[in-house]
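You will see subunit A twice below: alongside subunit B first, and alongside subunit C after that.
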Partner chain A sequence: MTERGILLFSVDGRRHAVDAGDVRRIAMGSEDEPGWIRSSILGSPPRPRRGLVAALEGEERALAVDEVEGIEIVPAADVSPLPRLARETIGTRGIAGIVVREDELLFLVDLPQLIRESSKELSSHAEDE
Partner chain B sequence: MRSQSLQREAPAPWEALGSLDHVSLFALRLLGERFAVEASLVQEVIRTGPVTRLPAAPAFLLGVFNHRGEILAVMDPAQLLAEESTSVAHGSRAAIVQSGEWKLALVAEALEGLLSVPPSALESPPTSGPGPSEFLKYVAHTKEGPLAVLDLARMIEVARARSLPG
Partner chain C sequence: MRKTSEAAKASPRSKSGSGQAEAIFRVLQNLANGDYGERVDVDRITSPQLKRIAALVNDVAEHATDQIRGVQERNKSLRDGMQEALDAILQVVNQGELSGSTGIRNPSPTLSPLVKGIDQLLATLRSFTLEMGEASLQISASSAEVLAAATQHESSMAQQASAVHETTATMAELKSAAGNIADNARTVAAVAEQTVIAARAGEAALKSLLSAIQTISQDADAIHEAMERLSRRVERIGSVVEVIDEIADRSDLLALNAALEGAKAGEAGRGFSIVAAEMRRLAENVLTSTQEIKSLIGEIREATDETARATERNRQSAKEGEDQADQAMQSVQAILAGIEETSDAARVIHLATQQQRSATEQVVQSMTDLEAVTRQAQEGAAQAAGAAAELAKLADRLSSLARRFRVS
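For the complex of A and B:
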């Protein structure tokens, strides 16, 4: 049976998953760290204690999260792409799929894409101000 | 004979059903009124488990849920018809429909079930253009009154178009 390694984390009290291979490292720090994305479609962690670091265009960027629970190996069959209607109509490409865990559905986050989108959002807000 | 057939206008969509004894519809209640979809599109009626909302989702997309290991999108047709929400609770009933390659769950105020009408009871929707009538395939005249038959493929097409950025 094919398996996948996913890293479980939480933002704003809600659990999410990311392909472990998308995370370069887990940073410890505070919200004042440069290069940290503190707000995304997943929410804004009130007291971010960890950052999920991804490499983007040769630079390291981190998504601030509340908690990192650890890596779990799940059967590949438990990971589904988003239904096509959802994929084509939601206003983000930062959710790559759904992980079924017992009775819970977790968003499988596309970390580089989510960071990219959130950075653009931040830049456009900064320009507006 | 040949010129007559060439001059003939394109047949109305329900004329193709004329050779049938009856047309099967699946009736449901939306916005306090009776609607239907073609029964052949309905795979089953289920009680939804918890629906997981998606971030940055349009109002018609209520979320996704796990249906026997398959993740399905849940659509609220009332949002597309009139920008009004259907109240959905855990365990609400939904109709799983398949229109072409699109498989999804439809929620409604009530799912009334199957009924048959003769093809002669079908006529084209009253008007066209933006508004609920743009989503109607035909109107069926039944003993209980007129029934607006939704064009599911059209609804999905419009839903996708409305969600395109910019």
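For the complex of A and C:
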């Protein structure tokens, strides 16, 4: 039986999961840190305590989160990709799957993709303004 | 008509010498008895001697008869004069007629002094009556004036007595009022003395209060300084806790990254992950403790802030209390000075009212005496008025009596 390491974090009071391999490191939260994504489809933490750093195209980008709750090793069977219908209707590729954890279901975030989408959206907003 | 003695009528020749003498003796006897009408018949006397005696007896009888007749005539004249004088006097007595004289013209020498005396008496009575009438009129007028004056005096004395009585009553009330004032002044003086004592006690209490407030103020300053030191130390503890919290947070982050690396390493990093998890647990424990410490520091800060505010309020209150105590002390001292002046004034008033009461008592006594004297004077005036009225009556009566005599 194979296992997967997942990182549990929370944004706007909701718990999410990300594959540990997608996270280069965990950074201390800071408002002035450049390259941080503060708003995404997960929400906008008002005072992010941590940042999940991912490597995108040779540089580090971070997703601001409220809290990193821990790293768990879960059976690979508890991690499922999104059904196609859901993947097509959800409108984002930043959610890669679902993690079954005891009695709750958690979104498994595709961190690099979420950062990438959020960066694009941020750029288009900046251009609109 | 002259009688002739029976013996003498007897014939001398028939009679003896003794019978003739008997006749003479009988005539003498009658003369002796006041009978002057009998005579001796001389012709019948034979004896010369008896004849001369009989003639002498007859002469004596004749002379006596003449004398008696003269006397009787004079008596008649006197009686008539006396009657006239008596009539004049009766006229005066009965009719009060004094206007004239007796009216007796050429009175006998015997009556002349009497008539002259009566005329002088009448003149004197007339003059006296005139003077009496004038005097009675004057007395009547004077008594009327005296009566009026006495009546007015009596009225005035009655008014004066009434006024004196009212004044005496008023003075008695004044005496009572003076007594009450003296009593009240004594009470005021006593109260003022007690107030002075109480004010002095209040002054001492205020001094103690002021000292206590100053001590409280000093204590409040000390507490304020201690609270500031405590606050600074709490702030320093907070800073230390912040450092500890930062370190714990970084330790937590480090443990997370270590756990992340362990998870990435798979089975090989399993032990590393366990250590990292333990490190993280410890870091979280530290963070939990620092949160509790922060919470406690917050509570301590709130408490110290509240204590500092309370201390500041206490300081302010103590300062205000000190100022108020100072003002109260000044007020009490001013009150004390005023009360002492009041006490002195009350004592002076007490003495003055005592003197006034004594003087009033003397005045009341004097007024009482004056009232008695006035009453006596009023009674005297009433008696004088009565006497004047009586005098007026007597004058009227005298005048009436005087008018009964006509003098002109």
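Here is the rule we use: the second predicted complex is superposed on the first by the 129 of 129 C-alpha atoms of A that agree within 3 Å, B and C clash if a C-alpha of one lies under 4 Å from a C-alpha of the other, contacts with A are read in each partner's own complex, and residues count from 1 in each chain.
What we mean here is this: a contact is a pair of C-beta atoms (placed from the backbone, for glycine too) under 8 Å apart; a residue touches a chain by one contact, two chains touch by 3 or more.
Given the structure is predicted, the values throughout are model-derived calculations rather than measurements.
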Room on subunit A for both subunit B and subunit C (clash or fit): fit
Where does A:95 make contact in the superposed view: on subunit B (first), on subunit C (second), on both, or on neither? first
So which one touches more of the residues on subunit A, subunit B or subunit C? B
What is the angle, as a multiple of 10 degrees, that the CA centres of subunit B and subunit C span when seen from the CA centre of subunit A? 100
Now for A:41: first (subunit B), second (subunit C), both, or neither, which partner does it touch? first
Applying the document's definition of touch, where does A:76 land relative to subunit B and subunit C: first, second, both, or neither? neither
Smallest distance from any CA atom of subunit C to any CA atom of subunit B, in Å, after fitting: 25
Could you tell me which stretches of subunit A are touched by subunit B in one complex and by subunit C in the other? none
Mind listing the subunit C positions that touch subunit A in their complex? 249-250, 253, 256-257, 259-260, 262-264, 266, 270, 273, 277, 280
Touching residues on subunit A, where the partner in the complex is subunit C: 5-7, 20-21, 23, 25-28, 50, 68, 70-71, 73
Interface residues, subunit A side, partner subunit B - complex: 41-42, 77, 80, 82-86, 88-92, 95, 98, 100, 103, 105, 107
State the interface residues of subunit B toward subunit A in the complex, per the touch definition above. 49-50, 52, 54-58, 60-61, 64-66, 69-73, 75, 101-104, 156, 159-160, 163, 165
